[in-house]
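Look at the two complexes coming up: subunit A is in both, with subunit B in one and subunit C in the other.
This part shows the complex of A and B:
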């Protein structure tokens, strides 16, 4: 029974490995990617996973074999070794090279997602919103339909959206509404991310997007989606339009921000096209209207 | 445990117990099913603030430091005045306290099994105060609201001392942001007002939006808040009346106040203030509308800024409290005895909601429980709209420029 520990470790490791291989087939894997740049990020993730996975299995296998091989030899004297220069050079240089390769390989993906020069410009076609994170909600400000119409004819007017709120802007908590848009035309979304109190992190798992919000700063964040998740509800009417989600795409806070951090959640709603989005926006506007038809129900 | 037998001595103990400990930890987890069945609503022990002080809070008093609430009720007020404005439930006779507690439990149940035995089936149906809804409400309340608003809705949950503005204490029966047209003092919110607060949160405070909860749960939460508020207000009024010696028979006093409070809640549900059509909307052309808005904003600024009426020009007297557009507001006491500050209207953050109609309601009927007065008797609806238009432009630099409002020269 001297081999007990090696069997235990070996079996546990094997079980973990099996579980890991099975996971993607039973839905215990990454949420669906719907971002244009999500593939690049997933590619990096898989590359790093393959490298670390390979070395993890290798080292664990060596550990288990060593446990098996040298267990239960009563009376055998240990051999003391000062070190092995050659071996140390190898296990320093190999990870060093790997890190360097990773550092070079990731540059393009990182630059695409995070470099300001690669972000969409706030012009007439870019979808824009301001997201104010605060304990414990996301307060989103959208341009009104009139303001968006103005941008179409005068793209320069779109530049100050992040700095200059208008009195007809739409404010809604915890809901990110965008439309799918056409590639290279109007599918890019520019978010002006702010925080009202502590550090939060704007995390959209389906977009592989994560960005910290820092007090005192407005941080630009961009993304573009490849699919939509909102369909008109069969009960939808002109006066009271409704939608239902084909798929739930979550917005979460990814930086511990206080007692209710785990409840700081929202949803990403992607409309089929601009017309559908405007239908929603007009409904939200009606809510703010001076006649207040909805409030006087 | 099969795995135990080859392991010897000390490691055996550890090896055999560790998995069980781990399992026990995992299984304990969180109990999300609602309150324990034997839990009761605690009887009220904190002082009742029966009236708002007539004076401002001294400026050097400021807000209390985090963690000092609720020790600081009516802080900065002379002891003598404090005594006149508060009533200590400790002065209740023991038998009165017991009867009160029993009666309240009989009528309003326990946290796990709340009920609203208020003797008005129509109102129970209208506000959805039936047992099932309330039970669902108390379960969700425990998960989402308890840590700030407290077990009995006293606004003294575990987090409460650390946030300012403090969570609402429902037991006064007063809710700040309402759209009902009742007289101040008996004004209750419409259920829709409570639901809106739940959905939108209160911007500028720690009350977040609960928009993602299912509609049924929000409805149940609003019902449960009404339940806590009714229970708390009856307790409040009965303790007040008994300690003051106005009444002595507990069940009769409860019935009398129940009838009053019930009527107020019922009245609120059908008394929505419908603002008359916005005057600018009847105009045909864009120029006319722009001209109207320009003039309206100028009138609004005048109403806001004038200290007193000049000739036939009215004053809404806003600057009395919102000094320098609210940037230098004095500290005030509210009906709960805490210190609050009239809003800084240059920030564009409106706690009661930012729609024009929300601002209309605030100006029209004031804000309950604080010093913001109603203007419905002094201003015409059109004048209220003027002030709304002015306020909506005020926070935005480019808009101010366009309509000629200068923050640098505060109106005197």
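This part shows the complex of A and C:
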């Protein structure tokens, strides 16, 4: 009967381990990553999983074995031992070194994603949008196609987009549209994140991207994608362009913001290239009746 | 035979007191500790029930709850679905109650009060009347937090973290306190702020008492190096409380002022309208709340685990019949956790808009705090190795603490890593971590403590077979409830979502979520076994002797329960608390006050 406890602990821990092993194979795992920096984040996740998995198995096994081997017997006396200095040093220094190394190797990954100095500059090639989080929607502001053309020849004109709205900007709720550009040319996206009321959080699981939106601040967020999810629909026409969603990538709010916090759903649409994106943008301009380009305003 | 010095109960005679002075307005630390215990057990039931509501919604987000809708008067606009604002209230109050009205007062108030004077050999706390006040200051908190459920606008529904701006917006004079920004931001939020102020003041009074008693009232021979780990932990926790609580107190007052007096501590300049309503001039910083709140609330999580760690050390040594492995590293690591605990609060704010360069600093400190925790786990394992383990219910819960704290501690490393936190912040992964350290560790440590000290508190034994059934069900159902949350969290399911099924990427997780909910219902039901055992044993449990567990610490030399003044004569301490299996004794234990050679304390070779 005394050995039963070792079995109970052991079986439970084994079940936990098995769940982690089986989960990726049944689709209960990290969503698909399409961000360029996502690989670094996922790599760190797997490194930590390996280290913690090892120590989980080690410590639980020792405990389960101890509960089995040293289950009490009447009349028996334990080992009269108060500690072991050498062991204390080993099991302080070894985990300490592992933890320190873990801390150091990850500094660059964080800096690459979040430090402003590493973010793409608003220089005409960077894709830009402003995302205004409000209860309970994402209101996205895009530059017009004419403005984007102006940026190509006059990069300095792109600098004020986050600060100043323009009369010909396009507003759309709950849709993030970008295009998959060429690496290190025009694939970087700069989002100017704002909130119109309470704290929200801009969360794209497929990009491993999350940033809280703070009242009173505009916070820059950047990313670049490795894939697109919109391809031309065969029924697409010049007047009515249509796209097929190859893959669904969603946008969610990740900071509690009130009653409909769980219903602030958006979608990420990555067009195949800039031409497709412009086709979509011009159609949106036409729909919103924004035909008169007001450059430099 | 101990040579006692004349003191103790004789010098401390009272005229026979009324029932009210003895059991209600008592200054006896044991009565106060038991008062804390009963009050917090009631709140444990309330907090647990709220959790059942949370899991009901997460398991079946689109279900019709006809009879429940009628009973709770849900607005008809949602049909018979659970309104999102109701769900938001459920998780907000579940956490608030569990943290401030169960775990903290149970560990510091109930166990701190009951054990400290007994285990250091004192007749009572240093300030018995202050002690009585610290319990009675909880009563306004109890009443006000419960009133919050019934006021206009209902209980707070914006998370136990009550972030501005949703919680703190001022309304125009005469328009009440409820802001259109959030449900449950009205009188309920005022109740929350005021109730927590009372909890904080009660805790600070307790801290003063515990620190003074431990430093000044130890019995002769009870050096710091002979203190049981329970006392070390409660001592360090009391210092943590004393330094951290003033900051929470300030934060609560600032938010109260923002809500009631139109101050703008948390309202930034330039937001003349918030949503569709006028906000006022502003001039503050929203992030200020988060810094103040987490500067307290991070040490608070160590306040919620350190005492349990101390108790588990004592319980494991007792039932392993073996000295605690690594006494000095064990109290040094408690101090290390507490000290480091003051410089990691920013890890709750990595994605908050705080300068990410600060995030790097907080990341390093947070990752390092895993080290003293790991040292403790290894020492607990070392204690069981070569032992002669007695599997009482208390021991089982203490062992479960160790086993499940490993999981909680390891999962913390993922979120300490800032890049991974970008993905898993505000997901179920965090919820999994916090429940492993708070439920599977702290609360199981509390159960261990209750089963262990019940005979000393009430003079009767709890029923062991029922205790073991409670343990098995809690252990299995608890793991079935919280372990799969690591998986749903790895899949990035957000937390605080009344309806995860709004998202295609979360649909495939619903099977797991249903499994979690059913496990949670089993877990909740299993606690009824504990409650039945507890209350039945209070009146009809078999009578306990002084030392049913054959333990070494001082409280087991007093009668069960100890009289007012605790010890007939002042105890004299000859050795440390962990002299189990000592070659100096024929028994497998050797109490701290056992005088082997007729020598006076302090002249013998010091045993650690």
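In this section, the second predicted complex is superposed on the first by the 262 of 297 C-alpha atoms of A that agree within 3 Å, B and C clash if a C-alpha of one lies under 4 Å from a C-alpha of the other, contacts with A are read in each partner's own complex, and residues count from 1 in each chain.
Assume a residue touches a chain if its C-beta (ideal position, glycine included) is under 8 Å from a C-beta of that chain, and two chains touch if they have at least 3 such contacts.
What you are looking at is a predicted structure, and each value in this text was computed from that prediction instead of being measured.
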So, on subunit A, is it clash or fit between subunit B and subunit C? clash
Using the touch definition from the top, say if A:99 reaches subunit B (first), subunit C (second), both or neither. second
Mind working out whether A:265 is in touch with subunit B, subunit C, both or neither, as first, second, both or neither? both
Have a look at where A:39 lands relative to subunit B and subunit C in the superposition and call it first, second, both or neither. neither
Partner chain(s) touched by A:135 [first = subunit B, second = subunit C, both, neither]: both
Which partner chains sit in contact with A:30 here, subunit B, subunit C, both or neither? Use first/second/both/neither. second
Tell me which partner A:80 touches in the superposition: subunit B (first), subunit C (second), both or neither. second
If you tally the residues of subunit A touched by each partner, is the higher count for subunit B or for subunit C? C
Applying the stated clash rule to the superposed structures, which of 23-31, 95-103, 113-121 or 167-175 from subunit B runs into subunit C? 23-31
Could you tell me which stretches of subunit A are touched by subunit B in one complex and by subunit C in the other? 8, 134-135, 259-260, 263, 265
So, in the complex, the side of subunit A touching subunit C is made of residues 2, 5, 8-9, 12-13, 15-16, 19-20, 23, 27-31, 40-41, 44-45, 48-49, 51-52, 55-56, 59-60, 62-63, 66-67, 70-73, 76-84, 87-88, 91-92, 95-96, 99-100, 102-103, 106-107, 109-111, 113-115, 134-135, 196-199, 201, 203, 205-206, 208-217, 219, 248, 250, 252-263, 265
Which of the residues in subunit B end up touching subunit A in this complex? 3, 6-7, 144, 147, 159, 179, 192, 200-201, 203, 206, 208-209, 211-212, 272, 274-275, 277-278, 280-281, 348, 354-357, 360, 385, 392-393, 395-399
Residue positions on subunit C within touch of subunit A in the complex are 84-85, 88, 158-159, 163-166, 181-183, 267-271, 274-275, 282, 285-287, 320-329, 351-353, 356-357, 359-360, 363-364, 367-368, 370-371, 374-375, 377-379, 381-382, 384-391, 396, 399-400, 402-403, 406-407, 410-411, 413-414, 417-420, 422-423, 425-427, 472, 475-476, 479, 483-484, 486-488, 490-492, 494, 496-500, 502-505, 508-509, 512, 578, 580-583, 588, 608
Which of the residues in subunit A end up touching subunit B in this complex? 1, 4, 8, 134-137, 139, 164-167, 171, 173-175, 259-260, 263-267, 287-292, 295-297
